[in-house]
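Consider the two complexes below, in which chain A is the common component and chain B and chain C are the respective partners.
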Partner chain A sequence: MNVLIGILEEGLIYSLLALGVLITYRVLDFPDLTVDSSFPLGAAVSAILTVNGMNPVLTLLVAMVAGGLAGLVTGIIHVKFKVRDLLSGIIVMTGLYSINLRIAGRANLPFFNMNTLMNNPFVKSFPAALQPWSKVIVVLVIVLIVKVLLDLFMNTKAGFLLRAVGDNKTVVTTLACDEGFVKIEGLVLANALVALAGAVMAQKNRVFDISMGTGSMVFGLAAVIIGTNIFKNRQKVNSSTAAIIGSIIYKACVALALSLGLVPQDLKLITAVLFLGILILGNGLKKKVKFHA
Partner chain B sequence: MLELRDISKVYSPGSVNEHVLFRHFNLTVEDGQFISVVGSNGSGKTSMLNLICGSIPADEGKIIINGKDITRVREHKRYRTIGRVYQNPAMGTCGNMTILENMAMADNKNRPYNITPGINRRRVAEYRAMLSELGLGLEDKLGVPVSNLSGGQRQALSLLMTTLTPIEFLILDEHTAALDPKTAEIIMQLTGRIVKEKKLTTLMVTHNLRYALEYGNRLIMMHEGNIVMDHADEAKQALKLDDILGKFNEISIECGN
Partner chain C sequence: MKKITAMIIALVLALSLCCTAGAKTLTIGIAQFAEHPSLDNCRTGFIDGLAEAGYVEGDNVEYILQNAQADMGLTQQIAQQMAQECDLICAIATPMAQAAVNACLDNGKPVIYTAVSDPVAAMLADAEGKSALNTTGTCDLLPVEAQLKMIRAFLPEAKTIGILYTTSETNSESQLKLYKDLAPAYGFEIVEAGVSMGADVPLAMDNILPKVDCISNLTDNTVVSYLAVMIDKANTAGKPIFGSEIEQVKNGCLAAEGVEYISLGRQTGLMAAEVLNGAFAGEIAFWSSEGGDMTYNSEVASALGIAIPAEYADGIDVTK
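After this line comes the complex of A and B, so read on.
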């Protein structure tokens, strides 16, 4: 039971990150490495503000603004200065590492004795039977709100344009819109979500750690790819649902690997190997489809 | 009115591959003209369209639309009054989006793309009517992703989307070249009808000499960045296929082919 709760807690938190990666990787077709640093950026902002007594829910919103700014910088470097997408992300990722340290003041910032998002009088007032699930419930509420808003946004005029720019930017240009500007918009939105994930993670663990972002890009990609591959043939399941479920499945796989005797030091290796496995499996599936067609 | 004044364009200047495409090129397109542009490969037809739309910058000269110098105006801003259909049917539509989404998006051109609903339900009946006029069965496929359509269907949709909102100039870049003869015929008829109905000033690059003769009220032939033949109105009407072919051969012989 504890393992299941752990999987759901982490899987759901990382699904916010997966939604961000969904926007950059799937919708915009932009391999955005900013993610690896905007995740701890959200955590640092949320941690330091909580330590200073701000309401934890408000810290999430500030963290999103900070993440959005990181995306904005990546976008401007790429669009205005014509630096390649991968490099723009790497530049911001590298720079943010120092900024994250500055924001938090140190590499590890615990706040165990503060009220947090999942540890406050309101959550403690849940019925006793729900107490073990309290973190899952809080995260689930956040994920559902974000998912619904994101789905609504994707069906607005601005959302259409965002989808169009990753699909075929010529169309955006001939519609008299600046495709670069739309790309920047997408990066802002995506990194705001990633920072939100980092902030929620910090709130759950009641600690900010500078290394918590390492590998988050890979995690997000894996979640998105698992999700979209599983639900490829189901029109009813939209891509945001797929990314959320993909994230939970991925966490479950990691938990399974750990329960088979691997230790936490192996975590990143497990992440990498699982991701490779998914990519190879995904390619195999594609080939099969082609063969039958 | 659209004017190209004294345009020069050199590709890879200063290198061994230096290629002078235009040297003091001039063209004036009067309002309401439908110009067919013919010429061999590399004669500068598509480059001319790219210069007009701002896809490539001019080295020298001016591009003027209705008396306003747009030489330095960025590409996407020029498309406020220009519509363009490309040779590749995939260029004009978004494959992962449905027909309805594509049309709704095109319908919003020159208005803000904000966070109001992407599809205006009251317009759907009209989209359906427009699609059914094409006679390609697209009116029953509004919810289908465009990538599932054939090249001809996609091109018809591109043309429809391009002319959905008011534009002044229509740029057609070999827009029937990738289609089979029957579909090409359908797209050309549709083009002719739309241009007439909306009174669009049109530039059509084509390799199909029959279309060049049959459609439009002016025909120009380009060769090595120059206009070597230019007939409008009655002179264009009197033009025969043999006249164009004759000119083509003349040019080729000059080149030593």
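After this line comes the complex of A and C, so read on.
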């Protein structure tokens, strides 16, 4: 049970990042490497503001704004200066590394003795039976809010345009809309979500570390692909749900690999094998469904 | 849907199977942040220290070993699982220590850390070295003063010392600060070069070598991983590199007044035993190593044409 709690905590927090990657990679078809730095950016902003006494919930909003700005810069570099998508992400990712260090003031900023998002009088007032689950509950509430808002947004006109940019650019142009603007909008939204994930992560771990963003992009991609692959032919499960579940499955695989108690060196290999297994299983499901149809 | 449900159930079952640990014996988790000779030595020393105090593997304790391979996400997950499964966690290196302390914040299980250079900056201890949390450990802060004194003895004419460090390592920041504070007293000026990843080390060396008389290493994991490149470039320039521990001297640094990690780990093990015997870890002040034995490499010295100073002649020559 305790391991399950750990998986849900980690998986749900990272699912916010996966939702961001879902927008750029899946919807916009834009491989956005800004993610590796906007994740710690959110953490840095949230950590330094918490240390200076701001309400942890407010720090999340400021972190989202900061992440949005990072996305804005990537978007402007790509659209206005016509730099290739991957490269504009790399430029911002590289620059943000220094900015993150500046924001936090140091490479590692702990705040063990402060009230945090998951450790405050309000959370402590939950009934005793719910206490072990308190972090999961807090994160779940945030993820659900984000997911519902995102789903609603995707069904507005702006949301349709966002999807159209990734699928069929001609549609956007014939509707007399600026394709570049829509792209920037998507990047802002995505990086705001990624920064939110970083901020929530910093709140849970009660520490900001400059290297916490390494591998975020890879993680986000894996979660989105695992999720969407499993639910490929299920109309009832939309892509945001799939990304969230993908993220939880990813963390469950790592937890399983850890629990197997093998030589630590083999951990990543086991994790990789588990991923592959899940992807193949997902493919198997897809074929069966097609056959029945 | 059935298949998916089955898959999820299988995963959960597999997990719960793995997690049912045996009773009676104590389970001790050793969570290591990265693969690294010094950190490995800490682990060996820790197990030895506990055994010395009567906690013997297979007898009354069992160990769970995990290594996060410097992956921050994994660090958190390892800490969380150990917080559930273990009676005591030994966390090796700062990020692991912070993660373990955070994971044990709610259930109050003891965390004994080691190889943390600055427990106060890492918020693992207060100014008196103790903590309100159930944690204590050992600190591997470099004996910088002894190192500077040694460099002065080796190079009486030298004016500048170059130091490479990774901007993402807090430990390096505090060590660098110590160097800068103490250097003027020995007539040195510190020239620093920050890198953000290991691959930057060769470029940083090229940049810094013409400006300095020698290089002195911190216990910076990233930089030390590129030691071979550094030594290569320094030898070409005819300038010595001073190490921060014995392993580096074996690999071609001229000399070092460093931390000896096996005894650091052993001390950590002894402290862990004290906690297992019933002490509250936060009440025990963290322990700082006072520096190990001075080591030098006579082959490197003769290649560079530098004589071993008389007062250091009784140091350990790693080539013998």
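Throughout what follows, the second predicted complex is superposed on the first by the 261 of 293 C-alpha atoms of A that agree within 3 Å, B and C clash if a C-alpha of one lies under 4 Å from a C-alpha of the other, contacts with A are read in each partner's own complex, and residues count from 1 in each chain.
The rule is simple: a residue touches a chain if its C-beta (ideal position, glycine included) is under 8 Å from a C-beta of that chain, and two chains touch if they have at least 3 such contacts.
Because the structure is a prediction, the values reported are computed rather than measured.
Participant: Would you check which partner chain A:Glu179 touches, where first means chain B only, second means chain C only, and both and neither mean what they say?
Facilitator: In the superposition, A:Glu179 touches chain B alone.
Participant: Is A:Leu161 touching the first partner chain B, the second partner chain C, both, or neither of them?
Facilitator: First partner only.
Participant: On chain A, which partner touches more residues: chain B or chain C?
Facilitator: Higher number of touched chain A residues: C.
Participant: Would you check which partner chain A:Val171 touches, where first means chain B only, second means chain C only, and both and neither mean what they say?
Facilitator: Only chain B; A:Val171 stays clear of chain C.
Participant: Identify the partner contact of A:Phe153: answer first if only chain B is touched, second if only chain C is, both if each is, neither if none is.
Facilitator: first
Participant: Considering only the touch criterion stated at the top, classify A:Phe122 as touching first (chain B), second (chain C), both, or neither.
Facilitator: In the superposed model, A:Phe122 contacts neither chain B nor chain C.
Participant: Would you sort A:Phe81 into first (chain B), second (chain C), both or neither based on which partner it touches?
Facilitator: A:Phe81 contacts neither chain B nor chain C.
Participant: Give every residue of chain A touching chain B within the complex, in rising order.
Facilitator: Within the complex, chain A touches chain B at residues 153, 155-161, 163-164, 167-168, 170-179.
Participant: For the complex, which residues does chain C have touching chain A?
Facilitator: 3-4, 7, 11-12, 14-16, 18-19, 32, 35, 64-67, 69-74, 76-78, 80-81, 84, 94-95, 98-99, 101-102, 105, 122-123, 132-133, 167-170, 173, 196
Participant: Going by the contact rule set out above, which residues of chain A touch chain C in the complex?
Facilitator: Counting only chain A, the residues touching chain C are 2-4, 6, 9-10, 14, 97, 101, 106-108, 110-113, 119, 205-207, 209-212, 214-215, 219, 230, 249, 251-252, 254-256, 258-261, 264-265, 267-268, 278, 281, 284-285.
Participant: Can you list the chain B residues touching chain A in their complex?
Facilitator: Residues 74-77, 79-80, 83-84, 86, 90-97, 101, 104-106, 108-110, 112-119, 162 of chain B touch chain A in their complex.
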